[in-house]
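Multiple structures are listed underneath, in structure tokens.
Both complexes shown next keep chain A, but they swap its partner, so chain B is in the first and chain C is in the second.
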Partner chain A sequence: MSMLTDSNQIIISTHNLNKKFGGIVAAKDVNLSVNTGEFRCLIGPNGAGKSTLFSLLCGIERADSGEIRILNKEVTKLKPFQRIKLGLGLKFQTNRAFQSLSIKDNLSISNNKIQVMDNEIAEERYQLALSEFKLKSEGAKLARELPHNMLQWLEITMILASFPKIVLLDEPTAGMSVEETLFTGSVLKRLNATGLTIIVVEHDMQFVKDVANKITVLHEGEIFSEGTAEEVSNSEEVKNIYLGRD
Partner chain B sequence: MSLFDSQNVFSGYKTSNVLQGVSLQINSGEMVAIIGRNGVGKTTFIKTIIGLIEIRSGEIFFDENRLNNLESFERAKLGIGYVPQGRDIFPQLSVKDNLRMGGFLKTKPSLDFDLVFNYFPFLKDRLQQRGGTLSGGEQEMLSIARALISNPKLLILDEPSEGIQPNIVQEISEFLLDLNANHNITVLFVEQNIYFVKKVANRGYVMNKGVITNELNKEQLSNEDYLASQITI
Partner chain C sequence: MKHLLNLIDGDKDIGRGNKFWAGFFLVLICFFLYPTFVSSFRASNTAFYLLNIPMGFGLCLIWGYCGILSFGHVAYYGLAGYAYGIIAGNLLGNSWGPILGVLGGLVVCTIISGIFGYFVFYSRIQKWIIPILTLVFTLLLETFFVQTSGYQWRVGRVLLGGFNGMTNIPFFQIGTFEFEGYSFYYYCLVIVLVLFFGLRILVNSKFGQIVIGIREDELRTEMLGYDIRFLQCVTFIISANLAGISGLLYVQWGNYITPSQMGILQAALPVIWCAVGGRNSFIAVIFATIVLNWLSFTLSSQGNQYALVIIGTLLVITMVFFPRGIVVMIFEKMQKIR
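Right after this comes the complex of A and B.
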């Protein structure tokens, strides 16, 4: 089955997902649905519940109610490692690379090739990131000595090393210059063009407009609005709660 | 004499010398930006000022004190507030205790909590929440609030707009201007967000490969294309 024939298939979705932390509503009746091969961006105010939604999708947090499906399989009760086995990869908002290990060692501990399917294309994606992000030539450098952009690139590549089908990236361009952000977007778009499904949380609207097929806006745990970059950035409500007017 | 004076400072990590002789001065009341590519030494310079990285040679003076042999907390007590890149709040402590940690280092009479809550009202409702469970942007705001509680003479911020939603980035830039105007706080910051640099700074330095390569006046700082060209040098 080729990637193209099932490109309209839903690869990951939630149904009426709810999560509260005490009195704070982090997810409220969230119905998110992302197709195979999509490049989706998730935006919304600080504290809206974007990272929480990623945690729920990966199983790091348990939903209070609702359902999550990955590749047509109900995963709501599965452990994180079981979801990773299905092909889910997450880059956290905070850096998680081992600070005292080199780039090379960080990559080799991530390279557990969990997926047996689609090996060739997954290997291609991994190699693409390795060379574009110049991680081979700098392999001996320790993570703790890397500037922010390199650390982000390392962590994105660490995710690809486990051969995922869906990649969740939480603020992958934080700490990058305008130029590095643009470059990161171009590499992610190339990865996406190979059929990889990518969901990104970002506050950098320039980046979001550049990469997204579709944007979901979260606000106070709820899906507030959904649409193209143009629709979302022209929405008066989205300007009010998030974008501002400067 | 200037409030802050860095004279030919060298510092770095085990395997590399990052700063190759950084000299710059800040006068009381200024809002100074340091811009430049990633990896040129901006954060290393900030950490060297704070005392997290040792000065190999050269000298740093703050408010007529020589900082070279002082511990981090001693430098903080002199009136240097620090907002690190990637926040670095205490994840196990409550929001309230994180703010108190800032208060321990007070120099001038500390700013009252109400002032800080005025800028970041959500903190008031979250005093008991563990810092580590705040969202990324909320942690950044806590980190700024914590630095402010000590009412520093010099507030140093390393990429304060990182992870902050667009309309709050605007608000933070406005409140820094307000702090500067109404609470006599001098500001030094590193930032990649051109909008923020343009709005906040009245003077700037460009850093490249561990040295200062250019100094920017207000007029140059208000020209976005010129700024962008300086950052990508």
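Right after this comes the complex of A and C.
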């Protein structure tokens, strides 16, 4: 249980992050900080800036101002692939598994071993996802022949194949049935229990309550509120922004 | 060794398994025996079809596998040819001259394609512009070499020769042995074979897989932690060198080179070979390069002025009916029947 010893260390954080697209404020003074081994959920209405926050963390988008730290390293000036190599993994909102390649190829391309330390545990996580998501036996199948839930699982497993320390999952259960969503949540929880830090964007409140240690609510680019599932779901203000009553 | 054989037999090119390789080596034996049935002149003519294959390979790699269409690979064909002519020409009489010429040609290709690739891939320009940039580059080179007539364009004792090109380029030689006629044919055949196996290993290796990933989805690949710009650059340099190898073989074959080798008509040829055969397959490119070169050579040597029109028509037919290439699609059909 060595991961518990450093579980209160901040693994990824932002300081006053700002991003505008023309007139649209996609991130406004965002101060996010996630601890090692945490399971964090990001929620918020459409256009709140959840995906943009992931893009900013990974460097796909450059922040207008502010600072990002990954594993205590200032990464604001690093290129995307350099940030990934520090131990990040990103699953895009729209599934981006390599459609015309086989599952086997998808996974072997992803097998980058970005993280030098802890290879054993990273390999364990990868194997866990492989067997739970039943991807091993179907290796020769092309990604585009897979049903949507399998595609999502494939992309999650691809990310684990790159041996990350932190995974960012943008709506990983979109398009899944209730059972599949629950199952995905249970697998993610098992991965989290091995010490993997997980940040998930999700709309499904049941899923969020089920998995999250802590929830961050984004609204119009700002962190609107933060707390446990209970605190957030009981908040009148949060209900208001979801119902568009503010 | 076992590992290498597995890579050669990998699934990133058509043609795998015992049956395929049995057929492959049967055809190969025919190619090796061919010179014993024909004159040295015919063997040398056939060598011309073979010597173009590396450039086809180069385009296959950068276009078919990496997803970047270069319309100007003949630039490196020409540059390597001229570099060889200058170096070997100046070292005439020295038996190391041709070997240094080859090395020089490849160094020039590496440097120029490296610089070009750096600006293209690191500047994040949109992908559809790349074919135009590569074409413009080769046309600029052509224009430059066309105006190099006269004595002021002399490098050492070699004249660049302007529109008429550079002549008296030495044969390739090792020690005192010169490659011409039959021996040049075998020399080309061995080079094509070595490159073929090397490229099969490359595309089935980890590097090849990542390159294919870049073709499929640049951002996804980058977000797995790969420096895609660097990898695109490296792939571009490798493919430029393959074109350079063809350029070297060409000048060693014909002992001359003209700027029109970097012109627009020549620039279109490797694209046509790859499109007609199938740009995702080295085997297909070998087929298409030999057949199309033979076709255009036969047509034009019979005084047919429409050689290019016929080849062009073939290209259009391919694009409409065989979008992934004739050879590749026939191959896939055959595999389904079995």
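We adopt the following convention: the second predicted complex is superposed on the first by the 240 of 246 C-alpha atoms of A that agree within 3 Å, B and C clash if a C-alpha of one lies under 4 Å from a C-alpha of the other, contacts with A are read in each partner's own complex, and residues count from 1 in each chain.
Rule of thumb we're sticking to: contacts are C-beta pairs under 8 Å (C-beta built on N, C-alpha and C of every residue); 3 or more make two chains touch, one makes a residue touch a chain.
Quantities reported herein were computed from a predicted structural model and do not represent experimental measurements.
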Just from the overlay, do chain B and chain C fit on chain A, or is there a clash? fit
After superposition on the shared chain, which partner residues are touched by A:178: those of chain B (first), chain C (second), both, or neither? first
If you stack the two complexes on chain A, which partner ends up touching A:80: first (chain B), second (chain C), both, or neither? second
For A:25, is the partner it touches chain B (first), chain C (second), both, or none of the two (neither)? neither
Considering only the touch criterion stated at the top, classify A:10 as touching first (chain B), second (chain C), both, or neither. neither
Of the two partner chains, chain B (first) and chain C (second), which one does A:229 touch, if any: first, second, both, or neither? neither
With chain A's C-alpha centre as vertex, what's the angle to chain B and chain C, nearest 10 degrees? 80
Touching A:147 in the superposition: chain B (first), chain C (second), both, neither? first
What's your read, chain B or chain C touching more residues of chain A? B
Would you check which partner chain A:94 touches, where first means chain B only, second means chain C only, and both and neither mean what they say? first
Under the stated touch criterion, which partner chain does A:121 make contact with: chain B (first), chain C (second), both, or neither? neither
Between chain B and chain C, report the minimum C-alpha distance in the superposition, expressed in whole angstrom. 12
Which parts of chain A are touched by chain B and by chain C alike? none
Would you tell me which residues of chain B are touching chain A in their complex? 13, 15-16, 37-39, 43, 85-86, 122, 133-138, 140-141, 159, 162-170, 192, 194-195, 228, 231-232
Chain A - residues contacting chain B, complex: 21, 44-48, 50-51, 93-95, 145, 147-150, 171, 174-180, 203, 205, 241-246
In the complex formed with chain C, which residues of chain A make contact? 58, 60, 79-81, 84-85, 89-90, 92, 96-101, 105, 108-110, 112, 114, 158-159, 162
Residues of chain C touching chain A in the complex: 206, 209-210, 212-213, 216-217, 219-228
